[in-house]
Every structure is written in C-alpha cells, then in structure tokens.
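Same chain, two partners: chain A is paired with chain B first, then with chain C.
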Partner chain A sequence: MNIIDDIILHSPALIVAIPLLGAFLTPLVSKINDKLRNIFVIFIVLFTSAIVLLLANDIYLVCGKIHTYVFGGNAPITEGGFAIRILFEVDGLNIFMALIATILAIAGVIYSWAFMKENTGLDKYYTLYLLMIAGMYGMILTGDMFNFFVFLEITSIASCALIAFWTNKGKAIDAGFKYIVVSATGALFVLFAIAILYGQYNALNMAVLASKIQFSFLDKIALVILISGLAMKAGIVPMHMWLPDAYGRAPASVTLILVGVTQASLYGALRMIFTLYGGKLTTTMNQIGDVSIDLNLVLGIFIVGLALLTIFIGVLMALKENNFKRMIAFAAVAEIGYMILAIGAALTTVFSTNDAGTGMMALKGGVFHILNDALDVGLLFLVAGAIYYATKETSLNQLGGLARNMKYTTIFFLIGLLAVSGMPPMNGFASKLIIYESTYQVNPILSIIAILCSILLLAVFVKVFHSAFLGPKLPKFDNVKEVPKSMLLAMGIIATIIIFIGLFPDMVVNYIVQPAVNALTNNSNYISNVIGGI
Partner chain B sequence: MIEIQDFLRTLATNSGFWNPLIWGIIIFIALLIAYIIRGRGKKEYKKQTEQTKVFLSGNPELEKEEMHVKASNVYWGFMESFKWLYNGLEKMHTGNVSDYILWFVIILGIFFIILGVI
Partner chain C sequence: MSGMSRIVKTITNVAFPIVLIYGLYVIAHGHLTPGGGFQGGAVVASGLAMLLVAYGSIWVIGKVKEKQLSILESIGAIGFIGLAFLGILMVFIYSSFQGNFFNNFLINQNEIPLFNEIGAGLANINTAGVIPLMNFAVGLKVIAGLFAIVLVMAYATRIKEGK
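What follows is the complex of A and B.
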C-alpha cells in the first residue's frame, strides 16, 4: 500500500484533523511571523483540499461507493452486530458537500490575506477560521448523530466569535449574540432529538438508526425537532431573521464560510429526512383527523409551503434593503427557498411509482442548486467585501460610479449577478431550469412563483449594479483603487468555477450531482454498505 | 475518466434541454445581426454638438453627484404600491432575538400539528 492509498484510507479523519490541528498551531506560528502564519493557514487549507479531492476521486471511481472510516482501531461490535465506535461515512452526498466546503475554504483564506491585513488579533481570527472549517467538514462527513451535534456546536461557537470579530462595531457584537442564541437553541433541540432516538434504539450511528427506526410516536417528535432545529440553522423563513444580521455584520471572508455552514445544516436536514427516515416515509401514513395521507406527501407539502414563503419574503426584503451585505443576505434566504422548493417537490413525488422521474429531477435540481448558490452568493459577498475594503461604505445610497475605479470587481459582480438571478449561460440558470421544470410538473403555480421571484431577484441586483457601479464618478471616491490581488484571486477562483459549471452543466450534473442524488434516495444501499462495511 | 465529449453534452431536463454552447452560438448570431443593422445607420451626425448631447426634456444638466439616482429611490413606485405588505414585513423583522426564537416555536408547533403528534 503506497502513501496515497494510506491517505485515502484515513482521509475522512484527516480532512477534519488537519484544520483542527492547524487551528491550534496557528497562534504558535503567529508568534514567529504574521506572513508565515498566513502562508501556514493557506497551506493547511490547500493540503486539506488536496485530501478532499483524493477522496472524491476514490468515491466517484466506483458507482455507489461509501467510504466508511471507524475511529479507534478495530471496530468493537455490540451484541446486535453494530459498531459502537464513532464512524465517518462518505458517500456521493457527503463528498459533494465537502467539495463545496473546499472551494469556499480556499477562496476564504486567500481573500482574508489582504482583506483582514489591517486588523489586529489575526492569530485568533485564523484559529477560529480553521475551527469553523474543521467543524463544517465534520458536520458533512460524520455518520454519527452525537458527533454531528458536536461539530454543529464547534461551528456555531467559532462562527459566533468571527461574526463579532469587529468588536469596535457594536452591531457586530449584537449580531454575534443573536447568532449564538439562535444556534444554541437549534443545536439543543437537535441534541434533544438525538437523545430521544438514542433512548429508543440504543444507537447513535445514522445507518444503524435508519435500519432500526420504527416511526413511533417518539420518532415523530424527534423528526419534527430535528428538521425544525436544522431549518432554523439553514435560515428558512420565518426562522431566517438571524441570517441578515449575521451575514451583514461578519467580515466578508467569514460570511463566505457562513454560507457553507448554513448549507451544512441544510445537508443535515436532508440526511435526516432521506437517510434516517427515508425507509419509513413511503410506508407510513399520516393520520390527520379521519384522513390518512402518505407521510412523504404531508412532509413535502409542508416544505413546499415554507419554501414559497422563504423565496417570497427573501426577495421582497432584498428589494427594499439598501445595505449591500444585508441585501445579499436576504437574497441568500430566497436562494435557500429554491433549494427546499425542489426538495419539497421531490418528496411529494420521488417515492411514487408513476411519478418518480419528476421527483428525481427535482432533487437533482435542488442538490445542484446547493452548489450553485454557495458559489453565486459567496462571490457576491466577496464583492461586497471588496467594495467595503475600498470605500468603507456598505450603504448603497452612498455608493456610485465604482465601475470606473474597480473594473475587475465590477466584472466579478456582473458574473455573480447573472448567476444568482438564474440568467443564461451561468450556473444558476441550469439548476433553476431543472427546478422550474420539475416543480411545474408537480404544480404549475410553484414554477410560476419561482420564476417571478427569480425575475425580482434580478431586479434586486440590477439596483445594486446601478447604485454602486454605474453613474458618474463621485468626487469622494476619486482615490478609490482596485482591491489587492489576493482578493481578486479569491473572487476569480469562484467566478471561474461559476462560468465552468455554467458552460458544462451536464458534466457537473453527471459526475457530482447525480451521485449525491443517488446517495440521498437509496437509503437501503447506505445502510447495507455502512453496516456491512464495518 | 472525463472525456472530451462530456464537455459538449446537452443537459436533459424532464421535458426540455439546455446546452450553453448552442445558446452561445445563437446569441453570437443575434449580436452579429444587430451589429450589421447598426452599421446601416446614419453616419453623418456631428460630434460635440446638440446631436450627441443627452436630452433631459429640456432641463439643464445637474451636477454629477446629483445626477446619480440613489438606491432607495430606484424602486420607489414599487415600494409605495406594496407599502401595506412591507409594513407587515417590517413588523415581522423586529431585530429582537426573543422574536426569532418565538418564530421557531411557532413553526415547531405547526409541524407537530401537521405530523399528527399533537
């Protein structure tokens, strides 16, 4: 066995361990030299990314492969035949999310180099930054419920401190406080649900739980609590209000990773619905009064309702907002709505015998949009950060004519604008097209609302483009210059990936989205692979 | 292994398809036609005269800063028409963290009712 095989074998653990170790070494390296610290942090992230890519290659080589990693040497087996150690389980969905996290992490640390240069306390900043990245990877890769909660907490605490990093601004501390209250509440409810499941089945492993779950009264309570808690962390309306506060006040480089963290929570909700409860969704009837309805249908309709609300309120609030970052945050809320619209639509159809194709397509659109949203919204946040860096302004009312001084930033904004609004040929169009078509087949009204809100989203960013970039050069911005190269590089990386996905959507769908969708819908494969693979 | 044909494949949706390369070719042809039509326009206009100045309905040109429409004025009409809706939304977004948790509890309650727990 060569070293590459060794790395691949231990990759799930290394992906979390390296940034975690890097986080604790950062203050020490910082004592030597600031530049060395920055290089060290970038090296840690790049090394972790290389391992993610190796693992991705390993997963994608064999269709339906699940890489199971047992911590603590040989797996001790209980009487029931299940492992009691912590397990990391990496399938098509895990690695898909890990790839998203990787792109965001790389762009984030490169961007931070210049963006945070003028700040003090950067040893703490980078320590927390790497902790946040480690937590995000942990949430994505773990196959253990309690471990998921632990990583959720690590991410929340690191995020809270980073949101409030600019302590000289009172509103940042306020936003950090709100974030930790909301996060802790959500996480505690998740812990409560985990305790309910553990109390019943004496297991914490997701695959084991999925194989044993009975959908008893207590399981129902656990499902409600799990989904609600994670939905709040994912920023679904009406539990979204923390999101503009946190996204709006955090440094742009932190907001980028926060987007990934939010999506990791959404991933958690997907895992719970499709993997943990997936086997019971079709066979369980929900009794409302005298009427019996399939559980997946009830759940799907409820999620679609929340999705429409999320899209609608997100877009309307974005249209009114004049603070650049808060506006993007509301747009991000609307984008989350598109993902859960597809997931809700998929839930109503994917298990039926005669309409499963529509459900699979909707799920494909929803999962594809997770990737696209992370990139599009992430790029826009970086642009907002670049504008703040150059002008020290976040109010759109105070901005104007910046395209004359910041040509590259303007181009990156245009790419983000077209992508997030679902304009061809950008990546957002491809995923939204799939969502529109599949939701149309569920109910045309869903599709019509989604398209109308997408047009409004375009109007939102046209307003930004007009207010910040167009118009005459304002005298107060005479001395404004283009942002430093590291910030441009970070934006350039994301913009290039956006264009690549936009130009070759079928390839991306076939190679990375489809395996993620297959992993979600085939929960029996997950159970047999994980339990059988121990 | 990724092959060159993978880059050229059309994304099939349930009832339609999407190929950005075909779209690019069509857009290129459309722009070419527009350029040809533009080329057939009049060329005898006089530069730096009234013919090339911006027409502001006879009003004098303002200072540069005053010319720029501020963000809060861009969709003013839309905001006015939907004031009733925005008033409601603003009441909802209090900025108070207790209300954030209250919304969570409300959704939790609705979800409990829908799944038949309560």
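What follows is the complex of A and C.
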C-alpha cells in the first residue's frame, strides 16, 4: 500500500485535522518569524486542498461511491442498533461542498497576506482563520448529527471573534455580538432537534437515523426546528438581520470564509431534508382540515415562499444601501434566495412520478448555484476589501474615478458584476438559466419574479460600478495605487474559475454537479452504503 | 490589582496546594471517575485565580507572562491532536493493525509497555491507553487558557486603577 492510497483512505479525517493542527501550531510558528507564519498557513491550506482534490478524484472515479471513515477504530460497535463512534461519510454532495470550501480557503489565505499586513495580533487572526476553515470542512464532511453541531459551534465562535477583529471600530464588536447571539440560538435549535431524534431512535449517525425514521409527530417538530435553526445560520429572510452587519464589518478575507460557512449551513439543511427525511417525505400525507396534501408539497411551498421573500428583500435593501460592503451583503442574501427557490421548487416535484425531471433540473440549478454564488459574492467582497484597502473608504458617496488608478481591480469587479447578475458569459448565467427554466415548469410566476430581481441586481451593481469606478478623477484619490500582488492573485484565482465555469458550464454540471444531485435524491443508496460499511 | 492582607495570603498558602492536588487528581482520574481534563483544569485554574487575588496581579505578572501561558496552551492542544495523529501512524508501529484517526493505539498490545493493561485492575491509571494522556493535554490547555484570561483581565483592571 503506497502513501497516496493511505492518504486517500484517511483523507476525511486529515482534511479536518490538518487545519486544526495548523491552527494550534500557528502561535508557536509566529514566535519565530511573521513571514514564516504566513508561508506556514498558506502551506497548510494548500496541503489540505491537495488532499481534498485527491479525495474528489477518488469519489468521482466510481459513480455513487461513498467514502466512509470511522474515527477511533476499524468498525463502529453496534449494540442493539445503537451505532457508537463518529463516522465521516463523503458522497458527491459532500465533496462538491468541500471543493467550494477549498477554493474559498485558498483565495482567503492568499488575500490575507497583504490585506491584514498592517494589523497587530495576526497570530490570533491566523489561528482563528484556520479553526474556521477546519470547522467549515467538518460541517461539510461529517456524517454524525452531534458532530455536525460541534463543528457548527466551532465555526460560530471562530467567526464571531474574526468578525469583531477590527475592535478599534465599535461597530465591528456590535456585528460580532449580533452574530454570536443569532448563531448560538440557531445552534441550540439544531441541538434540540438532535436531542428529539436521539431520544426516539437511540442513534446519532445520519444514515442510521435515515433508515430508522418513522416520521412521527415529534419528527415533524424536529424537522421544523432543524430547518429554522439552519436557516438562521444561512441568513434566510426573517432571520437575515445579522448578515449585512457581519459581512459588512468583518475584514474582507474573513467575509469570504463566512460566505462558505453560510453555504455549509445551507448544505446542512439540504442534507437534513433530502437524506434524513427524504424517504418519508413523499409517503406522508398531511391533514389540513378535510384536505390531505403530500408533506413534500407543504414543505416545498413554504420554502418557495421564504425564497421569494428573501430575494425581494435582499434586492430592495441592496438598492437603497450606500455602504459598499453592506450592499454586497444584501445581494448575497438575494442570491441565497435563488438557491432555496430552486430547492423549494425541487421539493414540490422531485418525488412525484410524472414530474420528477423538473425537480431534478431545479435541484441541479440550486446545487450549481451554491458554487456560483460562493465564487461571485466572494469575488465582489474581495474587490470591496481591495477598495477599502486602497482608499480607506466604504461609502459609495465618497468614491469615484477609481478605474484610472486601479485597472485590475476594475476588471475583477466587472467580472463579478456580470456573474452575480447572471449575464451570459459568466457562471451566474448558467445556473440561473437552469433555475428559471425549472421554476417556470413549476409555476411561471416564480421564474418571472426571479428574472425581475436578477435585473434589479444588475441595476444595483451598475450603479456601484458607475459611482465607484467611473467618472472624473477625484483629487483626494490622486495617490491611490493598485493593491498588492497577493490580493490581485486571490481575486484572479476566483475570476479565472468564474470565467472557466461560464465558458464550460455543461462540463462542470456533468462532472461535479450531477453526482451531487444524485447523492441528494438517492438516499437509499446513502443508507445502504454506509450501513453496509458498518 | 494589588495584593490583600497577610491573613488572606497565609490562608492561600495553605489552601493552594490542596486545590492544586485536587485538580490534578481530577485530571489524572478522568477515565475512572466523573471529571476529566476540562474539569480538573478548571479546578487548578481557579486555584491560580485565588493566588492572583491574594497576591495581586503585579506580583503574579512578575512570575509568569501571558505569552508563556499561550505557548503552554498551544502545546496542550498540539499534544491532544498529536496523539490523535499517532493513531493513524499505528500501522507503521505494529504492521498488523489498520490505524485510524483518534485510534487508541496503546491498548491491547505488547510492543509498547505503557498504559496497555486492561483487566489487571480497572481502577489503575494505566488501563485506558491514550485517554489519560489526552486528559493531561486537555488539562494543560485549560489551565493555561483560563489562567491567561484571568491574568489579562486582572492586569487590565490595574490599568484602569492607574488612570
């Protein structure tokens, strides 16, 4: 057995463990030299990324393969159906999310080099940063409900401290406090739901739970609590108030990882709905008065309603916002709305016999849009951070004429603008088109609202582009220079991937999105693979 | 903050070793009795906080620096995760086992005569493989971390008194 096989075998643990080890080594390394610490952190992230790529290659090689990893022993002890030991279960969806997290982590850590250079306390910054990355990977890869909660808390605490990193600005502390209150509440909701499930079925493993679940009244309560708790973390509209503050006040490199954490929470909701409850959603009828409706229809319509609200409020708030980063944060809220619109539309149709194709299509669009949103919004936040770095200004009223001094940043912003508003050559177009087409099959009004809000999003960013980059040269920005190379490199990596996905969307859909959708819809495969592994 | 009266200092001198030993007992017996690394570490850290209150932060900061504590804290965390990593490397030690992350590699083997007994006396400290070692690592981290927090907070109050 050679070393590569060994690494692939242990990869689910290593992906979480190596950033964790790096996080605790960082304070020691930074005692030696600051530059060495930066190189060390970048090395840790690149090494983790290499392992993620190896694992991805292994997963995609065989269709429907699930890589199961048992912690602390060779096989979990099962006594009377009580599965002890933590399992990591990596299927197409997990590895898809891990690839997104990898891109964001690489770009964020490279960007931090120059962006955070002038700050003090950087050893703590990098420690927390790696902890946050480790928590994000853990949330994505774990197959254990309680483990999921633990990683949720790790990311919450690390990101709270990082949001409030610029403590000399009082509003950052305010944003951090708001974030920790909302995310702690959300995490407790999740814990409560896990307790309900554990009390009934004596199991914490997702696959074991999915095979045992009966869909009793308590399970319905647990489902509602799980979805609302994770929606709080994902920033879906009634619970979105922490998001603009947290995204707007955090350093841009932190915001990038926060986007990834939000997507990981969304992944959690997807996993709970489709894998945990997937087998029972269709067969359960819900009695409302005298009418009985399929439960997946109720859930789907409810989620679609939330999605429309999210898109609308996100776009309208972005239209009136003057602060650059808060505006992008509201646009990010709207983008999350698109994802859950597709997921809700998929829920209404994917389980039915005659219309399953539409549901699969919508799910494909939604999952694909998770990738695209992370890249687009991430790139825009990095550009906003670059503008703040160069001018120390975030209000759009004060900016102007920056295209003359910062030509690369302008190009990157233009790419992000076109991508986020779904214009043809970029990746946003590809996924949004799938969402429009599939939601049109469900109900034409949905796709009309979606297209309208996408146009409004374009209007928002054209306004930003005009007021920040175009126009006459302002005298106070005479000595503004282009940002350092490491920041340009980080933005360049994301922009390249955006253009690549925009040019070859079918390749990406076939190779990495389709396995993820298959993994979502085929929960019996998940159960049999994992329990067979036990 | 400054120190307290001679009576308080004398009582602290008497109580501190007892608190310390009790905390270390809770850490060492984590796998046998209720408690463990975190709980025992918190007991020891509360003893250190008592020392801080009795003798004052100026005296304590002359003895121990916050940076040294943060190094100690990192070492505790690295020890914990390092033991977990050693579980993977078990395959190189024994060649017959398939290692795993967080594997209890010291138990049920004869190559390394350390913490490997089981059944000989369940109340002995050497019957749980790596678990006591991990408890010590967590205990070190908790002692250093909690004491660093208390120390920094006490030091900050001194700055406010000075104003």
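Keep this in mind: the second predicted complex is superposed on the first by the 529 of 534 C-alpha atoms of A that agree within 3 Å, B and C clash if a C-alpha of one lies under 4 Å from a C-alpha of the other, contacts with A are read in each partner's own complex, and residues count from 1 in each chain.
Note that contacts are C-beta pairs under 8 Å (C-beta built on N, C-alpha and C of every residue); 3 or more make two chains touch, one makes a residue touch a chain.
The shown structure was predicted, so the numbers you read here are calculated from the model rather than taken from an experiment.
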| item | value |
| --- | --- |
| Partner chain(s) touched by A:Phe192 [first = chain B, second = chain C, both, neither] | neither |
| First (chain B), second (chain C), both or neither touched by A:Tyr388 | neither |
| Contacts of A:Met317 with chain B and chain C, given as first, second, both or neither | first |
| Partner chain in contact with A:Phe24 - chain B first, chain C second, else both or neither | second |
| Contacts of A:Val509 with chain B and chain C, given as first, second, both or neither | first |
| Winner by number of chain A residues touched, once chain B and chain C are compared | B |
| Contacts of A:Phe465 with chain B and chain C, given as first, second, both or neither | neither |
| Which of chain B and chain C A:Ser228 touches, first, second, both or neither | first |
| Chain B contact footprint on chain A (complex, rising order) | 177-178, 181-182, 185-186, 189, 217, 220-221, 223-225, 227-228, 231-232, 238-239, 241-242, 245, 286-288, 295, 298-299, 302, 306, 313, 316-317, 319-320, 322, 357-358, 361, 395-397, 399-401, 424-425, 429-430, 433-434, 437-438, 441, 459, 463-464, 466-468, 471-475, 502-507, 509-511 |
| Complex contacts: residues of chain C adjacent to chain A | 70-71, 73-75, 77-78, 81-82, 84-85, 87-88, 91, 98, 100-104 |
| Touching residues on chain B, where the partner in the complex is chain A | 2, 6-7, 9-16, 18-21, 23-24, 64-65, 67-72, 74-75, 78-79, 82, 85-86, 89, 92-93, 95, 97, 99-101, 103-104, 106-108, 111-112, 114-117 |
| Contact set on chain A toward chain C in their complex | 6, 10, 13-14, 17, 20-21, 24-25, 27-28, 31, 69-74 |
